[in-house]
Amino acid sequence: MENIDFNLLSPLILLAVAPVATLMVIAIYRNHTVTFCLAVILLVLFLIDCFRLWSLSFDNQMVDDLLMIDKFGLFFMILIAIGGILILFISYSYLNNNVKVAEEFYVLFLTALVGAVVLVSSIHFATLFLGLEILSISLYAMIAYTREWKNSIEGGLKYLILAAGSSAFLLFGMGLIYLQTGALDFEAIGSSLEKVNLISTAGLAMMLVGIGFKLGLVPFHIWTPDIYQGAPAPVTALIASVSKGSMVVVLVRFLHTTNSQQFAWIIWTFSAMAIASMLIGSLLALKQSNLKRLLAYSSIAHLGYLLVAIIAGSDFSVEAVTYYLVAYFISIIGAFGILSIFNSTGEIEQVSDLQGMFWTRPWLSVIFGVMFFSLVGIPLTAGFIGKFYVVMAAVNSGLWALAITLVVSSAIGLYYYLRVIKTMLTPVAKDAPKSALGQLSTMGLVVMSILGLLVIWFGVFPSQLIAVIRSIEVL
Amino acid sequence: MILVALISTLVLGGLLAMLLEKWVTGSAKWVGLVASLLTMSLAGSLWIQYTGIDASTVSNGVFMVFKKPWIPEFGIEFHLEVDGLGLVMVMLTGFLGLVAVLISWSQVKHKEGFYYLNLLWTLAGIMGVFLAFDLFLFYLFWEVMLVPMYFLISIWGSANRIYAAYKFFIYTQIGGLLMLVALLGLYFLNGSSTGVYSFNYWDLIKTVLTTEQSMWLMWGFLIAFLIKLPVLPLHNWLPDAHGEAPTAGSVILAGLLLKTGAYGILRFVVPFFPDASQSIAMPAMILGVCGILYGAKLAFAQTDMKRLVAYTSVSHMGFVIIGIFAFNQLAWQGVIMQLVAHGLSTGALFVLAGILYQRTGTRDIRKYGGLWATVPRMGVAGLILVLASLGLPGLANFVAEFMTLAGTFTTTPIIAIAAAIGLIAAAVYSLRIMQKVFYGQDTASEKISDLSSMETLTIATVVFLLIYLGLNPGPITRTVEPSIKQLISQVETPDKGGFSYRTQVNNKSSSNGKH
Amino acid sequence: MIDLPTSHVIILAMVLFILGLIGLLARRNILFMLMSVEIMLNAAGLVFVVGSSKWAEADGQLMFIFILSMAAAEVAVGLALILQFYKKFNTLDADAASNLKG
Amino acid sequence: MIALFYIAAFVAVISTLMAITRFNAVHALIYLVVSLLSVAVIFYLLGAPFAAALEVIIYAGAIMVLLIFMVMMLHLGETSIQQEKQWLNWSVWLGPGFLSLILLVEMSYLLVVSNEPGEGLTVVDATQVGIALYGPYIITVELAAILLLAGIVGAYYLGQEKRRVLHRFLNQEDND
């Protein structure tokens, strides 16, 4: 504990204090708007602190082998904070419309972000596990937050059982590795993992199962669509972006630090999972008429793409993962955001709900279209550069099979994304009943516009972002 | 700057049309007209500039360069160049763009703002494809032209438009993504051997590849282009897309989009993979012949006017394939002639089909008949276009096909003979159109009006061009000659030709970059 | 002194883990599923404790303590959810929860 | 020593097996408690007395009792009365009781003889755990606190009732 630079830990401390502070304010004065503002302010402070740290030049510092404060982690902290703030803005009107008691949501939201931030800077099994669980437990409650809805409760419970089961896998795997190596921090594990051994192999395999579950990779993907559908849309956005993203980051860190990529079987397993995820995710999405399920299946495919970049394992690989995550964060938050910014009870769920939206709400539809184009990887959107990066990483490492699968999967993906866009363009019959969508929340629309512009900006001028990502020393 | 203006006029014009339509109803078409006229005149000025340049100072036809770093991290530049080949395609794009806008004038009645946005952006994408000399940029334009085209088909198309739009998009997208993978393969192979990672055309052209590598990479590119062209087993999307698209969409599809495929093969596949492409020449030519005959056969069997014309495109593009894989200058000049002639004649045929459809409400040629009496101007136009399509001497298509076949004959006579049979087939299906539509008994209950003055003007211009180029193909063949020579030199002595050329271009681009 | 081979303890942990897994997969009552998860977590804890003794370090036991706190938090949220679930569906049968499907 | 381990392991496996195969939730939970107790014995044998204590106090003691309480709350109506009658049946208690008895004997024996762990294993006692916990691992303790905070807030929010009643005993209290 000695020699800890509190300066470096300050963002974490700040964020950890945030939920407690929010809880105290709730205890004193219970008001939705006040709580919301407080949460936003705290997150902005966290963000500012991250930026301050980013601008300092410092050596990567480990905190007791538990956490690594480096630019890589810091980059994702910033990403998580920005994503978090955006989702908060979306959540505000949504909660106003859909739940009676909204204040606790912000506490849970902040704890979830603590978990994510711990995950992205984790270099130790203990912090990995705790970060993951803080995130998960907050999510269980947030998924079920609209507890008047059957779907929500069902989703929360399903997620709880499955996530806890997968945590058990992860833990058992960690335990076996610990038993074999006597170490819990990634670096020490890496140095003693060299020789192949039954127990450590079993441990890694079980960890793979756990991680596969958390990322929703095929064949551990079954939960994804149910949870995406059951959770309130802002929470789904959080799961799709922050939760999965931070897990990807910790996976990258783990593989990189322990050098697990030396084991051919891990690469093979990952490759198989990536191929299966890309294909099955895209194929199953074809049948969906529910937008959230559609996005869920597409997220399975997207995680497959990310896995391709991770497998590539070259210098490019980490860059590609990082860029892809940024693009994916923006697009997926945007896509889920649009489902939830209408000032009405409930949310847009069915693809058919969008019919004719282009002619009644052109601006919103354009943003939605941009998000979808980004998700499918059409040029001039951030998603395209992301996908380009991933294909680049794959080709650079000679992973032709994966690159081709990615191509095929993208082509299938096109079909269902286009279907949604087509629906928006199909005019509604004149005598059809008026759509049940209410007014738009102004705040939501502003956030969506910002996201839409960001997608375009990072798609047309990716240079700056790439330069920033390049400036991160690779782990 | 003209090069950028060519693209940006269309892009901005599209945006303006969309926005202005919101405030002033009916303004979109005017914006579209102005933008396309402006583009046409820019292309024209480029042409004039080109003719003014002494051919000896212009190495291989590249006479204007625009370069700006864009994503330096990947070695990506905003890099446009134009040479003779590009110039011809740009002219064609400008002209057919204008035709497309004019023909939409009275035919598009709803959501005009969005319509012209899509129309102009499609043209911008195509323009970009013909100008881009950075392969990333090329890929980008390649993809960008699809999305608005998809909307054009799926919103303003006819009954079965959604199916057609999907099919079109997915076919071309698969090709595009395969191209992306191959493109990256080339990029990394080149980068790892030279240490300079760049998407620059002139850098990548020098890539040293093993036979196997070049074979695989070539297929990646080739499939994308063959889908677009389209060659026989990959042609499936074309009749649907052409048949269901709105008139202007069909004009652009047949007149320009197909040409991007041929252009891509000439510009990229052949010089990048000279040996590999020569090694598959024979199968490719056989496919071309099959395409000619199969397209002709199916065209004969069609009852839907637009699908009929669409299948004739499959047939005509067979000549393009044959010509390209004949690997000689004459054939290639013929190919480019064919691109232009087919673009004009088929484009105009689609215009005519669109007008007929608009007047009669059907595209079933069995329901037409004896229209000559009621609409003589349309009849004359139809006759000339059909004759052009079947390759009557004196019209541009004849020159094109003749040159192609003559060029092919010197290398592979059998193919040329087989392809010539296609000309007879063309005569059969072409005359069937005339016979069904304009001759015979008039079955229509009500009279339809003849071509309006604007439509007459549009078609007359096309007809004039077809006749003019048929009598005097010089402007086209002369313009593309330097480019063709350069491309041929790549095939014959790939390494030497590439290097000597490159040095010249570098000198040129440094002096010309300031334009 | 009698030796206690770690491999035997690991076998025990695996048996417990697999029993828990079987329970998780086979049972349809949500309560049982939650219990099965607890069994699995407990098995994982056992591995850590063995490791702790093997390496004579406290780390493994600390992991066990964290597992314990996680289990506690999870059971708390889980029970609250089960309560709500019971109210909504009037059963604890997981198959009754089939609103979510595509 | 090793025999003790095998006995405890046997008890653990049997009781776990019983736990996942019972139809009655309370029965299953009681078997599960036994399973946890036997694991606690194993912890002790492995030289982790502190972990053993926590296993008994928190796992078996707190968490499982919470679960049992939950089950009892949820059982309503006629069927549950029937079940409750069954619970009182002594034969139900026989299995867990017997297994617990084995563990009790084991523990007594352990208390009498020395408790050196097996070869290759070292005792890691509460002191060491405590030093590690509040030394290098202090951050994780804080994180565990946040974990529990999230759990509490979540459970609190989801558990809130509009005083609608789940149990007949509570029903009466709510009416007044």
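Read from first to last, the chains carry the letters A, B, C and D; within each, the first residue is number 1.
Just so we're on the same page, a contact is a pair of C-beta atoms (placed from the backbone, for glycine too) under 8 Å apart; a residue touches a chain by one contact, two chains touch by 3 or more.
Source: prediction; values computed, not measured.
Centroid distances from chain A, each centroid being the mean of CA atoms, peak for B. Spacing of chain C relative to chain D, judged by their CA centroids, is 11 angstrom. Averaging C-alpha coordinates per chain places the centre of chain A 26 Å away from that of chain C.
Centroids built from CA atoms put chain D at 35 Å from chain A.
With centres set at the average Cα position, the gap from chain B to chain C is 64 Å. With touch defined as above, residues shared between interfaces to two or more other chains in chain A number as follows: 126, 130, 133, 137, 140-141, 144, 147, 156. Along chain B, no residue makes contact with two or more other chains. Residue positions of chain C touching 2 or more other chains, listed in rising order: 6, 20, 34, 36, 45-46, 50, 54, 57, 59-60, 62, 66, 70, 73-74, 77, 81-82, 84. Chain pairs recorded as touching, per the definition above, are A-B, A-C, A-D, C-D. Listing the residues of chain D that touch chain C in their complex gives 1-3, 5-6, 9, 12-13, 16-17, 19-20, 25, 28-29, 32, 35-36, 39, 42-43, 45-48, 50-51, 54-55, 58-59, 62-63, 66-67, 70-71, 73-74, 116-124, 128-129, 131-133, 137, 140, 144, 147-148, 150-152, 154-159, 164, 166.
Note for the complex: chain C touches chain D at residues 1-6, 8-9, 12, 15-16, 19-20, 22-23, 26-27, 29, 31-32, 34-36, 38-39, 42, 45-46, 49-50, 52-54, 56-62, 64-66, 68-77, 79-84, 86-87, 92. Those residues of chain C whose C-beta lies close enough to touch chain A in the complex are 6, 10, 13, 17, 20-21, 24, 30, 33-34, 36-37, 40-41, 43-48, 50-51, 54-55, 57, 59-60, 62-63, 66-67, 70, 73-74, 77-78, 81-82, 84-85, 88-89, 97, 99-102. Within the complex formed with chain D, the residues of chain A that make contact are 1, 16, 19-20, 23, 63-67, 101, 104, 107-108, 111-112, 114-115, 118, 126-127, 130-131, 133-134, 137-138, 140-142, 144-145, 147, 156. Chain contact summary for the complex, chain A toward chain C: residues 125-126, 129-130, 133, 137, 140-141, 144, 147, 150-151, 153-158, 160-161, 164-165, 167-169, 171-172, 174-176, 178-179, 182, 184, 199, 225-226, 229-230, 287-290, 293.
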